[in-house]
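Here come two complexes built around subunit A, the first alongside subunit B, the second alongside subunit C.
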Partner chain A sequence: MTMDGKQQGELPIISESDIVACRKVIRTLSTNAGFGITDVTRIVTAVSELARNIYVHAECGKMRWNIMHQPGKIGIELIFEDNGQGIADIEQAMQPGFSTVKSMGMGLPGVKRLMDEMRIDSIAGAGSTVTIKKWARAR
Partner chain B sequence: MFNESLSVIKLKNILLVTVPDDPGDDMIYELQNKVLSAMEKYESAGLILDISSVNVMDSFFARTISETTQMVTLMGGHTVVAGMQPGVAITAAELGLHLGHALTALDVDSALEMLNHNLANAV
Partner chain C sequence: MTYAASNYITVFDKWDDQKTFFCFTPEDAKRLSDFHPFAEKHVDEVVDGLYAHLLKFEEAQMFLDDAETLRRLKIAQRRYFLELTSGCYEEEYYENRIKVGVTHQRMGIPPRLYMGAYSYYLQLMIPLIYQYLGDDLEKANTTFSAMYKIINLDQELAMSAYIHAVEDVISKQTEEILEMSTPVIQVWEGVVATPIIGTLDSQRAQQFMEHLLEKIVESKSPIALIDITGVPQIDTATAQHLIDTINAVKLLGSKVIITGIRPAIAQTLVHLGINLQGIITKPSMSAGLKVALEMLAVGNTGFNKTN
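And then the complex of A and B:
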């Protein structure tokens, strides 16, 4: 359970300050869900990378979050949706060092290493959806 | 919420910057600008970036630190990044981040010793 008992929600990603806002909300949610400090750092860093991807590559988008309960474990699911160009070649985008803009090119493959599950759905010209999940043992 | 400001402290010939816990992109740019102007103004020989409060470092932040280090080097100074939290270090390694040519230290005390040692040897 999160502090106010809410199990899902969404935040817009339009401006640069929304990246910080997403990080703050997810830090609180994942801490309250029972993730340890290192996992919280991994999750928040993944959020920062994916929210920035939307801000840099698409005009606008949003992050939806979902707290998941399963027997013995609790998880957080984060879905990043944008209306951008889409990812032309997902396999290429997952190669370390690949970047279409000035960056270290560690974004997508790096995020995959930080999380337990990751899925990318993209239609060229019609936007992308990146879904990530992380699990913790239930308290 | 986003109007925390950043101060660059001059300690003899060294600059010390304490980075707040969750810096936004604006603040990271401000850091680079303030540091470079202060390097010129005070003719500093070194820079310490105290990141002990920082609880998230993404690729943008790491890239800016790496670039700032390179700029400081070009201006003739050394950069030490001090106090990275364990969780941040684990995440940065897993994400594949690097800080370019920045030196690293456990805390500001060791960073000061490191810089003083480097500067003494350089003379």
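And then the complex of A and C:
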């Protein structure tokens, strides 16, 4: 359960300071959900990567979050949506070292390793949606 | 922050537009100036009434604590009141109103006191208008309407100035935080240390790198310790900033030791596939300092002291 019992919400990603806000909210949420410090760091790092991707590659976007309850486990689902150019070749984007903006190119493949589930939906010219999930045993 | 100024303050260029937007017409100005002689006759009564009311409240008393302050405020209030019906609402008027907001904010008077006082002001004024123009109800109504509009314009200016003043404080503080957020300390002859606290975003990373490089040259230090105990997470962008900084330090002929890598951070760095090979890393600042001193002792720093 989250602090105020809220199970879902969303945050805009327009400026660089929104990345900080996303990280802060998700750090609190995942800690309250019962994730350990290492998993919290993993989740927050993934949030940082994907939120920064939106800030760098698209004009604006948002992060939606969901706390998921299943028998014996609790999970967090994060959906990053933007209105950017879309990802031309998802397979290529998932290759370590591939970047269109001279960055490390480790972000997307890194996020996949940090999280339990990851899905990318992208339509050329109409934006991208990246969905990630992480599970923990229920307290 | 220009954002704050352009967003909150009605700049004087826009003052005429603002009057139009509030439907404040030259006829309104005329009605108010017609009322001026009567207002002048009753100004002391209104001002005394206002302060008698304010002094009933503890919160307001704090700002009116001595006789001298009260006397000065009453003079200012008197002028303020008479300006309302002066009939001239141009640059000087505009500037005086902005000043009122800024002064209130600076004195720490909360907006609710300002608004509450203004509300009482209006209560004292309405009977005066009808007392003066009671025979001509239409004229009384239009004068009241004009008074109401100019007061709304006044309040908008004062509130904007309030908000702008607060924004100004925030932006100054933000700059100060940025300035002090990356101290570089010489901890030993030949060793500088810098703790990174919080997030290394692009603006801070740039400033951090400049600051560190300057300090290394200035202190002729062959070794720099960068402590990341206070960094809650490292994503690829932050890692890139760190690696860029380390490479720049290398170009100066000095070495970097990264300290304060927590277990959770170590694991995420591995997951992200970030390669820190060739960089000395230590779990704590003290372990890093020990390594630095050993390196200095054996002269294994690659730093040419005659530089």
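Quick notes on this one:
Please note the rule applied: the second predicted complex is superposed on the first by the 139 of 139 C-alpha atoms of A that agree within 3 Å, B and C clash if a C-alpha of one lies under 4 Å from a C-alpha of the other, contacts with A are read in each partner's own complex, and residues count from 1 in each chain.
Keep in mind that, in the parts below, a residue touches a chain if its C-beta (ideal position, glycine included) is under 8 Å from a C-beta of that chain, and two chains touch if they have at least 3 such contacts.
Only a predicted model underlies this, so the values are computations on that prediction, with no experimental measurement involved.
Partners subunit B and subunit C clash in the overlay (superposition on subunit A).
With both structures placed on the common chain, the touch criterion links A:31 to neither subunit B nor subunit C. In the overlay built on the shared chain, the residue A:129 is in contact with neither subunit B nor subunit C. Residue contacts after overlaying the shared chain place A:83 against neither subunit B nor subunit C. Within the superposed three-chain model, A:66 lies out of touch with both subunit B and subunit C [touch as defined at top]. Touched by subunit B in one complex and by subunit C in the other are residues 16, 19-20, 23, 27, 37-38, 40-42, 44-45, 48-49, 52, 96, 103-104, 106-107, 109-110, 113-114 of subunit A. On the subunit A side of its complex with subunit C, the touching residues are 16, 19-20, 23, 27, 37-38, 40-42, 44-45, 48-49, 52, 96, 103-104, 106-107, 109-110, 113-114. Those residues of subunit C that touch subunit A in the complex are listed here as 199, 201-203, 232-240, 263-265, 267-268, 271-274. Taken together, the subunit B residues at the contact with subunit A in this complex read 2, 22, 24-26, 55-60, 62-63, 85-88, 90-91, 94-98.
Only residues 16-17, 19-20, 23-24, 27, 37-38, 40-42, 44-45, 48-49, 52, 96, 103-104, 106-107, 109-111, 113-114 of subunit A touch subunit B when the two sit together in their complex.
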